[in-house]
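Here it is: the structure, laid out below.
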Amino acid sequence: MSPSIEVTRLVKRFGLKNVLRGLDFQVQSGEFVALLGPNGAGKTTFLRILASLSRPTLGQVRVAGHRLPEQSAAVRRRLGVVSHLPLLYGDLTAEENLQFYGRMYGVPNLNVRIQEVLDMVGLSTRRRDLVRTFSRGMQQRLAIGRAVLHDPDVMLFDEPYTGLDQDASEMLDSVLKNVAAAGRTVVMTSHDLARAEDLATRFDVLSRGVIAASVTRTDLQNSNLLTFYKQALAG
Amino acid sequence: MSPQPRLLHVLNILSALLLAAGTLMVFWYAPVERVMGAVQKLFYFHVATAWVGMIGFIIAAVVAILYLVTKDLKWDAINVAAVEISLVFFFIAIVLGSIWARPAWGTWWTWEPRLTTAAILEMIYLAYLLLRQGIEDPERRARFGAVYTIFGGLSVPLTFVSIRLFRTIHPVIIGAGGSEKMNMTGDMVVTMLFNIAVFSVIFITLFWHRIRLGQFAEQVERRKLQLTH
Amino acid sequence: MSTSYLRAILAVTWKDLTAELRSRELLSAMLVFSVLVLLIFYFALELDVQTRSEITAGALWVTFAFAGTLGLNRSMAIEKDRGCLDGLLLVPVDRSAIYFGKALSNLAFMLAVEAIVLPLYSIMYNVNLFYPGLLGVTLLGSVGYTAVGTLLSAMSVQTRTRDVLLPILLFPVIIPVFVAAVKASGGFLNGAEWSEIIPWVNILLVYDVIFIAVAFMVFDFVIEE
């Protein structure tokens, strides 16, 4: 089986600044990869390239079997993205937000699908409320609902726990587990290893524009990833 | 940093000599115009600087398209250079035109189509510079600059046409003219064409210098980055 | 044009109109501003009956142009606020569908404001404005204005200076629209010959066609990264 995400020697330059420097990265179908690293390591930049929102300067990127940026429409059809911003409209209700994105993606049987998704993220009772009135945690759950609406194979999460309190984080944990249990490939960035520990099947550390370490879940305990990660954090 | 190429040295000297020759020609060779008198001599510089502004305007529009097609930042550097030179020379042309308009039509400013269009073009250039100033990422800056240059390049001819539908009092220099046509003798035409050629050379020289300046600025940026890493 | 492309355009417009019908933020701001401008004109220009008929077209278009930038800025800021622009860019349709959707809703807001300002001006200054030709010119002018304004607002919202920049970028490039719309409207108001009005209508048509086509071609460059 071919990998879900395949990145070879990826370079991203902003002006004269190299943010990613020949990064290699592979994710097999169904894996849940936590991408760790200090702030400013290039995690968000990397995720935006995988999401087809930013163009690679050099190198090959394949997502869900399609090349980026050439086949970005095909990639987008099979991709769900959750960023630290909710990408939702405050003056629309939860349901209207999903209706809007559903129409943009051309989701069949949209109303049935919206009901399913709202149930999954636990917002069925708030469906007719404006997103503006939602707490940060509820917005984030609806954002996940928005991202899975068109049933993508590959999902990208950029710091989904930003600004959430303990309760909201636990709620998000269970939603994320649901997402992963459906056999989807997931890449989630985080600067917090503890948060990712019981979700991910693999842990990669992004530091100075390359993947500096990669450990599977089973090896996590007897690896020196934690020390390595702390070093990376220290810069 | 590379020293100036020999050809650029030659151009520097040539530009200075030609400018002196052109000026001498305006004052000693070209006859004094009968109706307008000495102030008409401004006209040669007015036309020549407006010509340079026009070249810059066209080059900017063309390289804007080239940038969007190739995404090569070299075209962006040329785009900025062309816009800046065009901005300065159109400004000189407007000021000269204004000084000329005072005795000719009794007013510092006329809402004449070419003059007004040039003034609006200056506003577009200033907007362009403000736009670039507000963007950090060089690639986005280049893309937005190119898109705006194309918008300006398309709207300016239409602006000219629409202002022209108002009555014009500008003398029509070349081609069919109405009653306000300025009668040019042979020496006047020669002087005008010579000065247009002179300012074209000056344009090339300045353009080259400005592009080099852009390259140096980029090198400085690169060195700075190397030092901080 | 495929159905998914059309559906995406309409979805964007539907989304904007639904949100606006609920909050009425944008329209109320544009309307209050327009009325204020009309009042200021009264004091600034001492509009007596004679001058009124001559500057009506100009006063109206100044009002529309200024109120328009308020709407364009707000409409694009909504996309930037909660990162919605990224959400739109992740959708597997051609990006120009987003442009056309936004341009359509901006046009709808503009026309809604004009539909209120025109009768209001008519009452305040006792001028009859209900000539089909004048309404047609208003539509053509608004199309050109929003076609360019939507694209430039997508640019200005991504700069440091944001909303301050939009009128500075927009006004110098919509001068042909402004001149032609004022002249054509004035022509209809003063009962000018059709042959005097037609060149202005032609300029509006040419401008609209060129700039819609160019905006369609360059929109990708404005939102990609």
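For this structure, a couple of remarks:
Order of writing sets the chain letters: A, B and C. Residues in each chain are counted from 1.
Quick note on the criterion: a residue touches a chain if its C-beta (ideal position, glycine included) is under 8 Å from a C-beta of that chain, and two chains touch if they have at least 3 such contacts.
Quick caveat: nothing in here was measured; it's all calculated off a predicted structure.
Relative to chain B, the most remote chain by averaged C-alpha coordinates is A.
A summary of chain positions shows that the Cα centroid lying nearest the centre of all protein Cα atoms is that of chain C. Work out the mean CA point of chain A and of chain B, and you get 51 Å between them. Note: centroid distance chain A to chain C, computed from Cα atoms, is 38 Å. Chain B and chain C, compared by their mean Cα positions, are separated by 32 Å. In chain C, 224-225 are the positions where the chain touches two or more neighbouring chains simultaneously.
Considering their complex, residues 137-139, 218, 221-222, 225 of chain B touch chain A. Contacts from chain C toward chain B in the complex involve residues 148, 151-152, 155-156, 158-162, 165, 168-169, 171-176, 179-180, 183, 199-200, 203, 206-207, 210-211, 214, 218, 221-222, 224-225. The residues of chain A lying in touch with chain B in their complex are 14-17. By the touch rule above, chain C contacts chain A in their complex via residues 4, 7-8, 10-12, 14-15, 18-20, 22-23, 25, 78, 81-84, 86-94, 224-225. Residues 48, 51-55, 73-74, 76-77, 79, 81, 83, 85-92, 96, 100-101, 103-106, 130, 146 of chain A are the ones touching chain C in the complex.
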